[in-house]
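Each of the next two complexes has chain A plus one other chain: chain B in the first, chain C in the second.
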Partner chain A sequence: MSDPALTETGAATAPAPTGIRRRRSKRMKTLFPYLLVAPAVIYLLGITLYPGIYAVVQSFYAVKFGPWRPVGFENYANLMGDYQFWGALWNTFVIGSISLTIQCVLALTLAFYAYRDPWVQGWRIIFLIPMLFMPSAVAFIYKLAFLDARVFSDILIRLGLIDGNLSIQSSIWGSRALLILADVWQWTPFLFIIFVAALQGQDEEVEEAARLDGAKWGQIFWNISLPLMRPVIAVALILRGIDITTMFANVFIITKGGPAFGTETISYFIYRTGFKFFNFGYASAASVIMLILTIIIAQLVVKRAFRSGRA
Partner chain B sequence: MARIELSGIQKKWGAIWGVRDVNIDIADEELIVFLGPSGCGKTTTMRMIAGLEDPSEGEIRMDGEVMNDVDARDRDVAMVFQGYALYPNMTIYENIRFPLRMRDVPKVDQDRLVREAAAMVELGDLLDRKPGALSGGQRQRAALARAVVRKPQVFLMDEPLSNLDAKLRQAMRIQIKHLQRQLKITTVYVTHDQIEAMTLADRIVIMEGGLIQQIGTPDEIYSDPANTFVAGFIGAPPMNLIEGRMEDGIFTAPSIRVEGLIRNLSGPVTLGIRPEDCHVAGAEAHVEGTVFGVEPTGDMTYLTINAGDALIEVKADRDYRSDLDVPETVAFDPARIAFFDTTSGQRIR
Partner chain C sequence: MASQRRRKGESLFIRYLILGTWALFCLAPVLWFLSIGLRPRTEIITPQPIYWPTFSLDAWHMIWSDWPMAKYLRNSVLAIIGSVVIDLVLAIPAAFSLARYEYRGRDDIGFYILSTRMMAPAIVAIPIFFLFRNMGLLDTVWALMLVYAAINLSIVTWIIRSYMIDIPKELEDAARTDGASDLRILWEIIIPAILPGIITAAVIAAIFAINEFLFTLLIASTPNAYTMSVALANFTGGSDGLIYNAIALVAFLAFVPVFLVVVAIQKHLSRGLTMGAVKG
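This part shows the complex of A and B:
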């Protein structure tokens, strides 16, 4: 701001004389808004775009400790034949889709029963409590309760339901179930709140019209409320889906990808490749594939949900 | 086809009165209009008939059967909401079919009934659109079609025309009346528009402050108002209400003197006279005032006379013209004069 007249004619001197106004050059006028948001944009690009490009570039090199050695598509080619990579993709898909389905159905069901309840309307914020826990703390609680301290086994033994300790960590599906349980516990409330808000936002007259038309509550929900919620459900699914696809903390803390790589998610695979075997180029290639997959899936969901959700 | 009786109906939310005391007997096949200013309890009363709201006191009967505890779904009542309340995710066809689907009408009949209903309101070529792609009038007709399609016992319509422009409103008014006559379905119609009420109704129920002020045919309501509220609410411009005194059959108020009236009345009274029952007069004048306003409308001229404390509206001849503030005299048609108790506002007969 070299021009003093420019800086002084801020919003404070409201009825700015046109003479001073005219002095702000046309170019400055068009640039000004961009200048205002520039710091935030530069910062955001710095922490997302730069590492993103860095990873893409790196994925075409063999990067161990020494200098980078260009290898073309070798990393990608190797990934295609890496059964651990495919395994991790599969695990991510299995754990993610089951967890997402359960929490979505659970949250929708709860929302359906609760959204006209005045108590829920007043106190919905308390449903957010599980979300407020630090994810790693939740992970440790689950590790303690189900694996290390065997609280869960103990309870079942005392109830006389089983004879010995459950060995969850030696069962692939047991371990997957544990990851799913932890995720469902922590994130169902988030979806519940979103769905309740969406339902409460819907026109009550439309529901009343349906009632007079002879619809029962369940029919109103299936025929009207749910279809109208499509865009909201899509957004929630995408937010949660991206979160679940990149699931790391719980895997890292609770199962370490085991047993037999049965719970190794893509994030954990990338972490292991990069930070255990220091195969950075290879890990970058896996990240890039993951990124592309995520974007494609999100695009599909958004397009589908919003196109046919329109009135 | 149903007769509806409301007896001693009250509705209260905490300390807020929605409806204080409503007693109406609606005949089978009748088109009854609830008319009153905003907030007088019209919608609340209608919602109680529909079963969307439970009365705090009183009984709702249809064909003699008490309906208080019958669910809205089972009352066989169809409602046209003020905001139409069409299902935004469905096409117009699906909207109209919805009540049939919910009531398990055989699939083979559904299509025919939907098309009949759509044809009745001239909506045939819009069936594939969604409500969002329709104009206000088209949505209104879609809502109407959805209401008529299953031939309910009772129609309820809550200010269905209030979102439309004047021309469309008149067209739809005629359509609704025609439809009601054709289908012979008992109909309750809510409006705050007196023209709508006068033109549509078999009988009008005038409400104010959660209470019924008068029930009667449009003619009765217009020419025989039960109190000053009704007199002042109906008519455009409404009835002139002049506060004054009666003594020996002579009504007097500042600048006003009417002789030869009912003998047995004395003390303070309010005289009511409709603008079309006032005439610009020569010798036999009742009012001697000055011209306050002259508003020609083409087919007539609204003349406002300043008479002491009161402004008197007169529907004068279409050729009437005058300067302002010049003296003018007005005569009342004595047969059309009504008297009201000044304190209670009730009609004195």
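This part shows the complex of A and C:
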């Protein structure tokens, strides 16, 4: 890449450069920032736009083992009547919103107690340990503890809370709760550390002034600190929300979508349709619908949150 | 720093009860899982769970002798380092452009880069699978490298951008009046000034790459390109089912380096995790 600034200073000091050269260097100067950002954008287009178009095209074909057979809107029509697809959307929503709510409340509570505590400052890393494991590893921890080795049941029996082993695997809500628990355990720390940082970044004098006015600490937090950190909460919840709604490893390892498709998330639905039943056209149609939902949400929610969040 | 006074309307007892309970909740499963990694296979899945197992290094010997663990490790390390290098090469100029120039469409470009973070892996999984199959890259570390780089590029760009915005403009202007070119300013002034930010971005990208599961599962269809994350799901002894002590040990094998680097960048972590939105 040639260097616009150098060319320009060269043009300015050189005795009598031609007008063409000056114009070119000026154009170069306006183009320069685009050239800097272009490689990254092209790379990302390759990995989003190309697959996006590919998925749209494929969604109009029946793609199984043989050649592609055009079917028009058949895949979409079938999807609309597919209770497993709607079920997957519903499961993603239910598991995601419950998990996100629990994580947010827990993280805020913990941050509220921790953020000005010098002792916690030093030992904060303990609270982060769960999120430093690979998600697939965490999935196995919970699979073993709750399903295969029944440690959880055993502890409850020893405490005298239940009589026999829990049958988590055969219960839809039991399985959902397990997925939620694994997610809460691993990712509440993510929200916690962000909230703590946001709270610590706030002006301590404001708190002090309110305290001198006789406000209780809980009131200060609720009325002053919390509203101030609203943009941060929005950004953190969006990032967490994205990861929850795309949850895959936990479903793949712990429940395989069962029982009775009760824990099948949309990611797992696409994976199963495409890579277990090799029904790629149908899976692509589901991908396209999800892509459209993602774009709508991104435009409505995320753009605003990140605009205000960075101020 | 923090006021150590007891705050009005709050009891220290409740504070430490809640935080202590949470610390226990975080640690207990980890310690128990560690004990799984250090016990013989016969004591894992039993009619009654065993809480005080006999110590054994069976799993440690097994992961090196029964599986190509060294290869999985090598795959992980190669794919991760390669992807982080690709990310930095692409993201540093992009972030420089987004942070230090005013031009038409800048905010839209920035948002486009950000928005790729929202794409569910499952949406693009099928086309990416076919793309790599047609390129003959299926089942190779190269494909993993390219995918990890794509997944993390938005994060890395936005983190670095956030650090670049914080550099006072005067620093740059002074150099410019001395006749330094834009690229030299980037290389000699900006990059050294935001080195902690670049390291943070690299560490976070590396962690996400270690964690990546869905793409790796699809691209690495044989152990040839398995990484630690997917290898875990394949520690099975056929009819014997999952070999949990091996799984546990490999989980900790991946955990230790992550833990160490996170301790090192702790101060920057919250800023990195929010892609620069929180200046912690």
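We adopt the following convention: the second predicted complex is superposed on the first by the 247 of 311 C-alpha atoms of A that agree within 3 Å, B and C clash if a C-alpha of one lies under 4 Å from a C-alpha of the other, contacts with A are read in each partner's own complex, and residues count from 1 in each chain.
The definition used in the following text is that a contact is a pair of C-beta atoms (placed from the backbone, for glycine too) under 8 Å apart; a residue touches a chain by one contact, two chains touch by 3 or more.
Because the structure is a prediction, the values reported are computed rather than measured.
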item: Partner chain(s) touched by A:216 [first = chain B, second = chain C, both, neither]; value: both
item: First, second, both or neither for A:135, with chain B first and chain C second; value: second
item: Touched partner set for A:159, first chain B, second chain C, both or neither; value: neither
item: Touching partner for A:228 - first (chain B), second (chain C), both, neither; value: first
item: Of chain B and chain C, the chain that contacts the larger number of chain A residues; value: C
item: First (chain B), second (chain C), both or neither touched by A:203; value: first
item: Which superposed partner A:44 touches (first chain B, second chain C, both, neither); value: second
item: Chain A residues contacted in one complex by chain B, in the other by chain C; value: 211, 216, 219, 309-310
item: For the chain A and chain C complex, residues of the former touching the latter; value: 1, 3-6, 9, 30, 32-34, 36-37, 39-41, 43-44, 46-48, 50-52, 54-55, 58, 106, 109-110, 113-114, 116-118, 120-121, 123-130, 132-137, 140-142, 144-145, 148-151, 154, 185, 189-190, 193-194, 196-198, 200-201, 204, 211, 216-219, 231-232, 235-236, 239, 242, 245-246, 248-249, 252-253, 266-268, 270-271, 274-275, 280, 283-284, 287, 290-291, 294-295, 297-298, 302-303, 306, 309-310
item: Of chain B, residues touching chain A in the complex; value: 50-52, 72-73, 75, 77-79, 81, 83, 85-90, 98-99, 102-103, 130-133, 146, 150
item: In the complex, chain C residues that touch chain A; value: 1-4, 7-10, 14-15, 18-19, 22-23, 25-27, 29-30, 32-33, 36, 44-46, 48-49, 89-91, 93-94, 96-98, 101, 103, 106, 109, 111-131, 147, 149-150, 153-154, 157, 162, 176, 179-183, 207, 210-211, 213-214, 217-218, 228-230, 232-233, 241-242, 244, 247-248, 250-251, 254-255, 258-259, 262-263, 266, 269-271, 273-280
item: Chain B contact footprint on chain A (complex, rising order); value: 203, 205-206, 208-216, 219, 223-224, 227-228, 309-311
